[in-house]
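Before anything else, here's the structure in question.
Should a chain be cited, it is by its letter among A, B, C, D, E and F, assigned in written order, with residues numbered from 1 in that chain.
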Amino acid sequence: MSVAESDLRLPPPLVEKAVGEALAEDWGEAGDITTVATITPDATASGAIVARKPGVVAGLQVAEAAFRALDENVSFKVLIRDGERVEAGQKIARVAGNARALLTAERVALNFLGHMSGIATLTRTYVEKISGTRAKIIDTRKTTPGLRIFEKLAVRAGGGLNHRFGLFDAILIKDNHIIAAGGIGAALNKARERAGHVVKVEIEVATLEQLSEALAHNAEAVLLDNMPVATLKEAVAEVAGRAITEASGGVSLETVRGIAETGVDLISVGALTHSAPVLDIGLDFDQGR
Amino acid sequence: MSVAESDLRLPPPLVEKAVGEALAEDWGEAGDITTVATITPDATASGAIVARKPGVVAGLQVAEAAFRALDENVSFKVLIRDGERVEAGQKIARVAGNARALLTAERVALNFLGHMSGIATLTRTYVEKISGTRAKIIDTRKTTPGLRIFEKLAVRAGGGLNHRFGLFDAILIKDNHIIAAGGIGAALNKARERAGHVVKVEIEVATLEQLSEALAHNAEAVLLDNMPVATLKEAVAEVAGRAITEASGGVSLETVRGIAETGVDLISVGALTHSAPVLDIGLDFDQGR
Amino acid sequence: MSVAESDLRLPPPLVEKAVGEALAEDWGEAGDITTVATITPDATASGAIVARKPGVVAGLQVAEAAFRALDENVSFKVLIRDGERVEAGQKIARVAGNARALLTAERVALNFLGHMSGIATLTRTYVEKISGTRAKIIDTRKTTPGLRIFEKLAVRAGGGLNHRFGLFDAILIKDNHIIAAGGIGAALNKARERAGHVVKVEIEVATLEQLSEALAHNAEAVLLDNMPVATLKEAVAEVAGRAITEASGGVSLETVRGIAETGVDLISVGALTHSAPVLDIGLDFDQGR
Amino acid sequence: MSVAESDLRLPPPLVEKAVGEALAEDWGEAGDITTVATITPDATASGAIVARKPGVVAGLQVAEAAFRALDENVSFKVLIRDGERVEAGQKIARVAGNARALLTAERVALNFLGHMSGIATLTRTYVEKISGTRAKIIDTRKTTPGLRIFEKLAVRAGGGLNHRFGLFDAILIKDNHIIAAGGIGAALNKARERAGHVVKVEIEVATLEQLSEALAHNAEAVLLDNMPVATLKEAVAEVAGRAITEASGGVSLETVRGIAETGVDLISVGALTHSAPVLDIGLDFDQGR
Amino acid sequence: MSVAESDLRLPPPLVEKAVGEALAEDWGEAGDITTVATITPDATASGAIVARKPGVVAGLQVAEAAFRALDENVSFKVLIRDGERVEAGQKIARVAGNARALLTAERVALNFLGHMSGIATLTRTYVEKISGTRAKIIDTRKTTPGLRIFEKLAVRAGGGLNHRFGLFDAILIKDNHIIAAGGIGAALNKARERAGHVVKVEIEVATLEQLSEALAHNAEAVLLDNMPVATLKEAVAEVAGRAITEASGGVSLETVRGIAETGVDLISVGALTHSAPVLDIGLDFDQGR
Amino acid sequence: MSVAESDLRLPPPLVEKAVGEALAEDWGEAGDITTVATITPDATASGAIVARKPGVVAGLQVAEAAFRALDENVSFKVLIRDGERVEAGQKIARVAGNARALLTAERVALNFLGHMSGIATLTRTYVEKISGTRAKIIDTRKTTPGLRIFEKLAVRAGGGLNHRFGLFDAILIKDNHIIAAGGIGAALNKARERAGHVVKVEIEVATLEQLSEALAHNAEAVLLDNMPVATLKEAVAEVAGRAITEASGGVSLETVRGIAETGVDLISVGALTHSAPVLDIGLDFDQGR
């Protein structure tokens, strides 16, 4: 998998902020009363972060930051990197340091790691389903509130691409915009007039008639919404390279290959970020210390 | 379903804070450039929030707050309340107000609503699987970072109960604590000595031997981890009412009824919050305005 | 005094946040104009943190953090630890580093240290008053807004125990709840039904009749409010070990021993956190440098 | 008492921020589990805020904001205003509204009100002790971290004046500055050179020799630290109106009148803010509703 | 001037946050001591916001929010709207309400209004200089830290367009990127491979040779950096519509028309946001009240 | 120039906060997509911060912090210090480290440095214009929202003095206060009565009559607003050392020397902070690496 490792690092302040908030959510005011009650403050421990199921790893930077937030001397040794496959029972990383820090940070670290690895794993499955076609798997803005940059990183770790990050970095005219703006032509004209010169204009169309109207008004990308495979094929032919084509809606592991074979450029899959089950990952302390 | 509506409201400031952060995540610095470009500032619109699939609703308070954050005069009329079932195609709520506000807030509102309703729906399925037994479905701390109070509300909407909210409101001694503390007895003794008088002490055990040791040290609740059904039955008999029993690990829709029939008090299911697929919910603007 | 040192450390991020906010309160926008005007930026200084009156120390972690926030190379040597007694004139710690940093942080460090040591000192006095009885001194939620975790730590340093940390970690049904809920039985029934399995239910009662009703509804702990000593004795006899007993209200240094001798488990004292005078502590710079 | 009411209001955003943080401290993540469990969401209640002991009221704006934060329709009727005396058993305010909101906000409201009224009460006692003299009672920077503006307001409610609000709004050269700067003359010269033209320079002196040196270097105010009454008298004579005189250190209710009679302009009392016991104030719900 | 009013409104929460922070910067901890000392709390006042010099107005939404933050009942009547010209001495708005609120908010309101109007005024001058050409005036990321969205709005009010809002919404490969990436071709190839499908790729070139290389690698927009007018003309001819052309560097009011006449699409001017002098605007209270 | 270097350092936490917010403004959610796309994560680079125009430097601490925020190992070598002159083309500092960090932080670092150096440069010009007179150049509260402490530092770097930092650290009664308070005498009396003993009272007067009234009421400083030079001379004679004199209004590089020669103590210049053009400063990467 040619996932560039450089795309899988986030600016440390963003990671530390998210980790700090998650730890605060878990501590509340009173802190980790179990650990304080049962573990002496200077005890040390070590253990392995282990996959219980096979999948693709994502989120190690965040997991490491969670442990480091509580003990800056924690050692965190990565064995399987973000974007790589892991088998059930395989160790992803080894961790060692202050026992209280490890225990208090464990759940936050694993919640991020499992969630992000779940997304990477599901993305990889989609990507492999369409291997050999020209289409790319791409995510959506249907992300979990507060976690978008982490989920979009996980999609990249899985081999997918990112659609826009928010409302701010692209113009995507959807059905409700068209209704409120008074039609496809009106919406595209207004958008092109106001759009910055570095921003492309994409529009959602549900029928071939709408597609023709969008192309007639110089849409730079078209989101082909919920079209049957046969219609998608016609749409791709109609576009004929004049715009980027994105298939969206009704995409599942069963349907994705058929969609890809229509020749579309992109297939956007909301499920990558809104419905991926967690990858089951645990922390096993070393015994016999 | 006797879900008390009063448990399904959150303090408004917490909701507004979460909604505000989610909107900021989506706006970035530049805002909703599509909507500003295509919709006039005074345009109004109305529409319905519609379930595309059947399920149980949760999160309406949050969805309403998202629209209200952008236009305090938005009208939001609830048709199906939190904790109630919705059929595919059925309208959950009607919304009307400033068109820009509706369009800009739409995704944040739906991301919360879909995520929370997905959790409520999965919880309801588990709850129904074990109907007639004495067991209760309960959640875990395996939640999405930053969203715990919303996810725990959704579990209640689905008919489940909440386990502790964080590290701060109960003592739950897990396997790694036992290792680091030097055994079950040591851990329970230390915990009981330090625990506040209003906090109960629960401990995770994986075998009947560990269970006996825990009971001998007056555990008030026992988490029976990953035990086969036959062992669970023996464990329940061994406990004989001296402690609350919680089955955990390896719980699925296939296995949950068998587990419930062993007589345990509680069955904790991490999947409720970490692996529930979204409930597909959309916003359909009214046409012909 | 068997105060476990491990209970007297707070997670560093919480300490740094509180210290940072207190420093910001003192700096305002313009900073320490006295120190900038009178001290050269590279000057160094050293000095001792000295108790002007006898007492029990608490808050050294916070004081150290205040100095460190302004000069991470400040040396801070603890001579008397949290939870230990100090005599008038005795040095608690020695500090050395950048002179501007020491001067600017001095007041914040001493404000925390004096406030927390004042609480520890008063707590110790109460604890010693009841030595030999089975009762424990415990704090309340009558804390100074924003400082609860620091004040609860100071209570532990003084040898007291902590009651619940907030509204979130225990159910304590008070007089106004009983009025609003429609009676003791109704309140207890509702509470038990909704309470998580790891949370105990405590209820406030003011008379023996109320106590009987509470016990009849399986209260797990009872707060005996403002009862005369004779009534307290009857109440303890009536409870007979079926619930934890907490005496509250009208507790002073004069009355506390009599209350303790009634056989109650806990005596809660709001004054520990809301009315403890500061322990007078100063910073004396070394002369002749 | 001619306390101007206009000095006893704070900008609403500052009050709301402090109240919001105090509520969050009390809610934690899980909220007020007692109230949610025992009170129906639409129940209403009313009651009186009642002084259990006599004193001077301060903090009603904050208390009202605490209730309003949870129910913007709460009615809050002030009966005794900030700066006015209250007798034991007298009602300070009446409150009515959503029962849950009242119960959840009660402790935060009372913690602020009791703390601030305690300060106002102690300040009033000092002020009355010196009535008829020309001296004024003034506070210090020995305040509780995070609460300075509230405590300084309470001092004004008690009839005292405020010294500087922080390090930023005046130059006060203290003993440690003098040591680090190399003497009184050096410190005053540097300070005067750098001080803004709207800022006065005050310096702490402990002896008459230091005082002479300070006056020789044009100190605009002198803090006479820990001087016996006889020395204070000499100091006032020496100053002879050339600078403002402030007595500080060793001030108690026993000593304050003697100090005032020396003719000093100001007497600063750290105890006003760091050692005032709370004024005992409760909330009594109306029965029989 | 056809400035669409709809582009000159910001989401209220963003405005309120910026205004709140600016007010806090001005209040510090101690607040507006002048106004509290001299004005009674219930006094009302009215006045006019008046331009002392001619210019183009921008920032009225922010100015209004500053007054409203302190008195939600302030009346604020706009006479000259954002994007419109104002003459020296002309009234821009009338304001009336609580006198303290008006006085305390005045400076923050005017600081925003003067700064933003200064930018709008300078932008308008540039825009008028090139009227009749096909070029558009566009801003840069050379903005004042913390104020970018306000400054970009002011540019629009002046009749200019906005370039990207930050590092996040477009790819603009600059000289230092080219050096670090190993050349124009390498940089463009990498950028195109990684860029989202809705993001355009722009590159900075300083010579016609670099321009050719950029076009050969399918740059979608080219920033022609610091080219003499003659070279710019050649560059525009060379591009021949294959990419958007942006002239940048060395643009002044003297040179801008010559640059525009070369046929470039866009002229970016850093001075709009980093060097526009304030438009002098004051608040005159009505006399004789 | 005798600018004390010690006045040109800010507390690191304030700098880091401002830098962090400016970086966040530039990153948005999606980060620096250009740099991530074109530069490998481990690439290093070096370069020089170079003045394109002559001026006075200010803001190096902030610029360094911007680079350090993204790579704590960045080397930053200052060649020209804050408060020193730089010629066009001269290197101000050298920087080396991770290439991505340098590229991503570049604009934030330069925006601060250029803005602050622009202010220092303009201040220096004013200061030199009045050399030999007794007057001092002083700033105002007409600063850019959010940047006051940085702009006031830049004024000091340019050789100017700072007026009050905000509403909180001095009493300055302006025209609108006088109107609302009912006259000069009333305003001064109220102010003196309420002002803390360490705060001076300054008042704005526009005529000699007002000046007389202000002096009669013991103003400690007078702001002589918009007076012609001849009137200023009369005013200075009238004051005769009884108060500090500050000339304000209509001050430009053309008029400032004449104003200074009237004998006023201070000349306040709003333009220093609200209208200083940026000093053009760039970052040139080293080639041939």
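Basically, contacts are C-beta pairs under 8 Å (C-beta built on N, C-alpha and C of every residue); 3 or more make two chains touch, one makes a residue touch a chain.
Keep in mind the model is a prediction, meaning the values are calculated, not measured.
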Each chain counted as touching chain A and chain B at once: C, D, E, F
Copy pair chain E, chain F: interface residue numbering same or different (half cut): same
Averaged-CA centre spacing for the pair chain F and chain B, given as whole angstrom: 52
Interchain centroid distance [CA atoms averaged], chain A/chain C, Å: 45
Chain A and chain E: spacing of chain centres that average the CA atoms, whole Å: 34
Residue numbers of chain C (touch at least two other chains): 7, 25, 27-31, 36, 148, 165-166, 168-172, 194, 196, 199
Chain contact graph, described as a line, ring, star, complete graph or other shape: complete
Partner chain D, residues of chain A touching it in the complex: 25, 28-30
Residue numbers on chain F that touch chain A, as the complex places them: 20, 23, 27-31, 36, 40-41, 69-70, 104
For the chain E and chain B complex, residues of the former touching the latter: 5-7, 9-11, 13, 148-149, 165-166, 168-169
Residue numbers on chain A that touch chain B, as the complex places them: 18, 21-22, 25-39, 43, 45, 47, 99, 102-104, 106-108, 110-112, 114-115, 118, 141-148, 165-177, 179-181, 186-187, 190-191, 193-196, 199, 270-271, 274-275, 277-278, 283-287, 289
Chain D - residues contacting chain F, complex: 4, 7, 138, 161-165, 168-172, 194, 196-200, 202, 221, 244, 246, 265-266
